[in-house]
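Next up, some structures in structure tokens.
Presented sequentially are two complexes of chain A, the first with chain B as partner and the second with chain C.
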Partner chain A sequence: MKSNSDMTEAYIDEQLKVTHFHPRSSKFNVRDAWGLWNGFKFADYYYDVDFEYFCVRNSCGTYDICPMQKYYITGADAEAMLNRMVTRDISKLKIGRVTYLCWCTDDGRMIDDGTVFKLGPDSYMLTSGSPCIAWFKKGAFGFADVKITDMSDKIAALAFQGPTTCEVLKKMGLDGIETLNPFNFRHFSLNGDSDKKLMVSRTGFTGDLGYELWIAPEFALELWDALYQAGEDYLIHPYGEFATGMLRLEAGFILPGLEFNEALKTVRFQHDQTPFELNLGWLVDFKKPHFNGRTALLKEKEHGPEFTLVKLDIEGNKCAEESYLYNNKKLDKHIGYITSTIWSPVVKANIALAMVQTKYLKGDIWAEIYYTKEMRPHLKVAKCTLRDKPFWAPARTRAKPPLPI
Partner chain B sequence: MKKYDAIIIGAGHNGLTNGAYLAKAGLNVLVVEKNAYIGGAAVSREIQKGWTYSSCSYMSSMLRQTIHRDLNLTKHGLVLVPFHGLVNYGNNGEALLDYSNEGVAYNHLRKHSPHDADSMFRFQADLTRYAQLIRKTLMRTPPDPTSFKPRDIKELLWMAKQFWSLGEKELYEYMRFFTTSAEEFLDDYFENDLIKATMATPGIIGTALGVYSPGSAYILLHHVMGDMDGNVGAWGLARGGMGAISNAIAGAFKEHGGEIRTNAGVDKILVENGKAVGVVLENGDELYANVVVSNLDAKRTFTKCMDKKDLPPGIYEKAKNFKIRGSSGKVNIALSGLPKFINLPDNRFVNRGSQSFVGSIDTMERAYDCWKHGRFSDDPFIETVIPSAWDPTVAPPGKHWMSCFVQYCPPVLSDGGWTPEKRDAFGKTVIDKIERYSPGFKDLIVHMEIRTPVEIENEVGLTEGNIFQGELTIDQLFFNRPFPGYAQYRMPIKNMYMCGASTHPGGGVSAACGANAAREILIDLKKPNTVPEDSVYDE
Partner chain C sequence: MNHYDTIIIGGGHNGLVCGTYLAKNGEKVLVLEASNELGGLAATREFAPGFKASVAHTLFQFSDKVAKDLKLASFGFDINTSPMANVSLNVEGEHVILEGWGASSTLTGVSDKDAEKYREYQQLLKRFSDVLKPFWLKTMPRIGSSSFKENLTFAHLGIKMRMLGKKDMGEFMRVATLPARDLMDENFDSEQLKALLSWDGLIGSKMAPRSPNATILALLYRMSGIHEGAHSLPIGGIENLVQALQTAAINSGVEIKTGAKVNKIIIQADENGLKTNGVELESGEIFTSTRVVSAIDPQRTFIDLVGVQNLEIDFVHRIKRLRCDGYVAKLHLALSDLPKFVGLDKPDGRMVISDELDAIEFAFDDAKYGEPSKKPVMEIVIPSLSDPSLAPSGQHVLSAHVMYVPYKHKDGWSEKNKAELYERVVDTLERYVPDIREIIIHGELLTPLDLDKRYHINGGHWHHTEMSISQMLMMRPTYEAAQYSTLIPGLYLCGAGSHPGGGLMGGPGHNAAKEIMKTKVKVNS
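And then the complex of A and B:
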């Protein structure tokens, strides 16, 4: 039996891993507000959620995406294999381009979403929030020349988002960064050293102007320092999971565990979702050769999805946390449920994503909201308005080149 | 000649809000503005190239969220950013820091006084209770307590219900609160002088009262009853300066078909047969309308823009005696770098927010003594903010600007009128004081805009440079604002209305006065109401 003082040593392998940026980012975490992502210690927030949220909407912030899964998929059959696995047609993807996509089971239920980078002729990088190597290895069966390499620990990655990001990267010495267009990536040298290759993609999960920076782990801290030095005058600050949750909801982006249940982790029949239900029909390409889930999805397309994910603007300012949705104010017919909701500080609106039975979308939608005032429960029935467009979509996000601050 | 449904005098944020709601109801609305630019006291101006000053008001908290949302001001370019970290300096350089993270803030307060750190919870609860009550009235028209109209009686009953819901004991406390001084009110909670002085500062800002003057407790509340996204009492910056608020409202106004004419100062409001029929511009142009709405302060409206013979007896005197005393100045300073302040930890949560040079309760009272004797304070209370440390759009990268709100500064000096030399001396007093807490500060100065009450009155039009368009004392609040009997936005002349901060709920960039006035005008014109109910009732 070890003494208490030795306990840390005894459990050292069982503790959460820390990311390549941890020596720097942990200094900001004055509240020790750590959560968990894929076995990594991961900041829920650093100091104040609103502060971090506004860094992204007003100036710039960094979000540590080291725990995100990254796989190299290479070989002559890489394209064919990927195209078989995902619902989008990636055969048209050009080198230097990134695309957002998803992959499904044969029943058309969504396993996960992610991005694919075309690095070279037979070389791709696939990223996803949860590990999916087992599934892709299954999918590679039968393809002669395809290799899947887990790069998750071998690439340090940092999302860098907000209206001043282009200015800061310019100041950091990334010449020509302003010509990098949305969903493109390019290689730069860190601190002018061509041995320190820095890959930059104009991608992100905030709906704002932003980039993702990819570098070998040994240069991670040097990248952090260069970025924070250049960003000093632009209020650069790390933001955590909670701020990301707000930012992505304003942009209308989905998260596993909220909007969808990963199909391979779903116990109950059809408690997972299809791309059509998630309003991701645009990711499904029936014109390309056969892919996983095609038959089931084709059938669903004909009949229409039972549920549809929608954006709601809800009256008042009480968040409809886990609320049921109804067809009228009297709450006669239960027609759906809220998946995530926030008060949007930038739009000044009570916004939500919700799953609603498709056949009821044409009628009224009312939310049954329970909230408390100093512990006493209250009920409010609030009218919901459908929104087609993302709640936050400034012109700068898509502008080529990015607009001046 | 074209006749408008409504002409609004003054393109400040309340005038534009009023216009937006009238235009939304389908009216043909013109806003006339004497300056070449719109915004009134919510304005962004590039006086030094590369720097954008919020020349007058500099922070936002009062703006009604309901109006922001209803007029879709975000679509029209408005983003409000909360800022964090308030530093309050005592006379010996001791720094009281306000962190936005509750746990961190508590630990810091304990360093100054464990007693006060504890007491702060009770103070915040009490203040929140008072603020909640007032917040509910912001977007309601005050009832006339002498009227027997069903609407007034209903509204009075509603108010009585709100008051009684406080409970008997709190009702007495509330009555006391309205009439007591900030210092006496705070005495019940705090023992540390710097904490007390810090909490007292909102009680004097913009008013010609001191921390010991009865009535200053309410003004304290007026400054903390706003909110940022439900955080009551929190303040933020408008991205692009305060003009972004006026510009966004103007965007909504134009979207609904409204028209704005700048360089069009009003000389007189035209009255025929006891009815307002239009305005005469300074250039002699006559413009006609069914309704004339003044966004100017009450004193200016009735004593400068109207013929005395057009007014019912007594109104001119009421307006002349309306309490609208100038008490503050503003210094806007462009800086070549971020100033460093003494006795601060090197962390961004406090070293780039707002700095208040509070001194002590007595320092503030002595500053007030100077005002009473017709001098600007030799050791003034200054509240500074560095908007550029938060907003990347208002100064070149790495450069900054600082807004200094200075109290006290009288509109008339005892040794004669203001001169450019005296104005510069006033500015020097301010930067001398800041230099004491930020050695090297003066070397960073690129440009200064010094504004005494005289400049504020001449440029913005606020009488005596009073930022609230009239003191916020109980004799001039609610159904007494601007005058008893005229608190429902209708003025003594038929078809004439007021929509500025001289009306309920008073000063601050709230847009509530403009919206409330619009509701009354639409009732009179028998048009559908376009003004939303305040979502504050969810609280």
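And then the complex of A and C:
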């Protein structure tokens, strides 16, 4: 046994960390289906992917976003530093507002996307999927008054998504939550205790009505208990990475490692993407005189991106996993590839995100789909139709106040 | 308000050269110099009543093309002044002396074998430096450029190298980045000779004989002058060159303001992006211009004057990481009499104190860890011998470059550790000039930190940033700013931090002017 424990010791730093909600959320993980995110033990699913998916689409569910990276960027030059780094103009962002944005290399290749919260006059919170502190610090050099604090472990965060979330939060005692508009955030007291400050933002990654809850780690479990008590009649349930993959695809949201390669981790030349390739041109504000990558992105805009990320509705019900895309049914010319795909239960369609060479977007798009039936391989060539709008975008997502169910 | 075509920041020799070329081309040019004298490190200043000196104390590579183009001869500058002897001092007076230059030079104080070997060595290096010579006055191609014209420069260099013949070409590739120590050991026996010949490849940089990098390349660069790298002092001294450049500038219409420290490069920012618009002085005074050309070091230019908010993140990172720490201190002594060097009739040469090659290496070892060398090595000139105006009649100035003295002292520079270093340097001198202490009227030692403050150069680095292979040619100071233009329209570089580099040559000023004249700035106003 001794040698075995020695070996464990050598890998002690490799052990997965657990999130602030783990003592509660792990009880739900009846399948022990753990994956990982930024070094945290992270549920791929708890009980069943489809069940969790339907919880969110029909009622409500929680998604543990503790592993997401959170940074405070503060000081008199915080705005200038951020505005130089990100492609959007945040100078008009008001206190209490959140916005989605991305940041790029000098060459205009996307490093990561995230949200920024304006907490105060010289105070922002920036979130990102992967650790980005080295880049932020590089970007802060030369600004006299900017402080970057990694808050990732110091804030417990829980996404709470689905059509009944507003009702549940109200039941939990968050008075006036219905007046919180999309991309706004506000502070509440947990269980009526003003010492237990709970920040709630009307944001999310599911394309539906939903909130994100931010609290000091010592109150994380109390928050969980209050929320699960209020949501009991609404069948509140945690959902994992796999359900998120379905929900976000219906909403048309992108993920690193699928739709884009984080530029600073990309080895091969231009195997990363620009915001224009990712159809995020709207995040790039050329009215701003300077931001990192502006010159390169202006050039990209003028020439047009080589590839464009598009939403596809694919005929039939066979998932086009890792499929190649072609310009016709005879598969003459390879014009792109699928990045993510699912059968969408709520839209009842075979949907996908795909990278297609921009010059072929006007013509036909066909997917070469390989699938099996009881282990026998089959090939299907399926017609794809471009979709402009997100596959799932109910009115309640943006409704002010959210409509009662 | 007066509007200029070009404002040049920094009235060092490169700023003056660049400004004169542009003014001759019909531009309205303003040169702004922070201190009260022009010339930067070549400026001559009074360091003690009646005694004057300049930090740069000899010439060895001033471009004959620049001298000719700017007609410097007509303003009193003689580039042809005969070189001075190169002397490697020895405590016993057994000096190694290299007189004259090129094929006609004579070498004494070494074995016949070394003398014969020197002939071979000198001719080989001459062939190599001839290959490179045309490229010092050319804009380097952009990395990754698909422009035929730019790539032609690469092709040209390739052809030049190929024309050396197979053997020499191979030798060139082998030798160019060799540590000085290797090249010396394979040629010579005399340690004094090895130290003397390595000296010019090392001085000014954070490199020692055993450092692989670009010491031989630096040597070849320094051989680009008409005397193949031999040092000379023109009549009237270094001041004479600065004055000729000043007169040339004024005669071609350049306006010059001294005591005009630039605080900020004004960047016009709107939805069309950024462009330079002029400069703001420390006094608050504003001058507008279509173009701003910076002759000062790249770190000050970009980080202090342009501001990081106007630049790309990784670009700033590369500028920040430039190797800019100087390692040479400057000693100025006001002497009541001509110093008597043991075994030397007249100290009218350039005298190097380093009795063996390892003395330089050991001196470097201390400096690497932030301490001035315990046994400093140095290069000495008595400039008052060729320019009597530098000292009162019958009296003299001793000027010495002392290696290695780090910009960042591990305990921080103080008056105390500076005084200790001064004593150590004079002690060293005393071994070769026993009566030195008796004739010192006044002495000053300028550490790289002093040079930084007095001459407004980050790190007090002679060459603004190290002449290392990572920062030379199309990498100088870094890619995306190595062709004199920068990422900001209207902003150019023309100082020692640009190709070809430091030293009193005029190369960067010349090249930047040519680049500006061929590319009309696209402005959006």
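Definition applied: the second predicted complex is superposed on the first by the 392 of 405 C-alpha atoms of A that agree within 3 Å, B and C clash if a C-alpha of one lies under 4 Å from a C-alpha of the other, contacts with A are read in each partner's own complex, and residues count from 1 in each chain.
The rule is simple: a residue touches a chain if its C-beta (ideal position, glycine included) is under 8 Å from a C-beta of that chain, and two chains touch if they have at least 3 such contacts.
This structure is a prediction, so every number in the text was calculated from the model and none was measured.
A.B. asks: Scan A:348 for contacts with chain B and chain C and give back first, second, both or neither.
C.D. replies: So A:348 only meets chain B here.
A.B. asks: Counting only touches as set out at the top, which of chain B and chain C does A:221 meet: first, second, both, neither?
C.D. replies: neither
A.B. asks: Between chain B and chain C, which one contacts more residues of chain A in the superposed model?
C.D. replies: The partner making contact with more of chain A's residues is B.
A.B. asks: Classify the contacts of A:293 with the two partner chains as first (chain B alone), second (chain C alone), both, or neither.
C.D. replies: After superposing on A, A:293 lies in contact with chain C but is clear of chain B.
A.B. asks: Applying the document's definition of touch, where does A:381 land relative to chain B and chain C: first, second, both, or neither?
C.D. replies: neither
A.B. asks: How about chain A: which of its residues touch chain B in the complex?
C.D. replies: Going through chain A, the ones touching chain B are 30-31, 47-48, 50-51, 54, 57-59, 163-164, 167, 171, 233-235, 237, 315-318, 343, 345-349, 373, 380, 405.
A.B. asks: Can you tell me which positions in chain B touch chain A when the two form their complex?
C.D. replies: 65, 68-69, 73-74, 79-82, 84, 100-101, 103-104, 228-231, 239, 348-349, 389-393, 397-398, 535, 538-539
A.B. asks: So in the complex, the part of chain A that touches chain C is made up of which residues?
C.D. replies: Per the touch definition, chain A meets chain C at residues 80-81, 84-85, 105-106, 135, 138-139, 141-143, 286-290, 292-295, 298.
A.B. asks: Considering the complex alone, what residue numbers of chain C touch chain A?
C.D. replies: Residues of chain C touching chain A: 269-274, 303, 307-310, 312-317, 320, 487.
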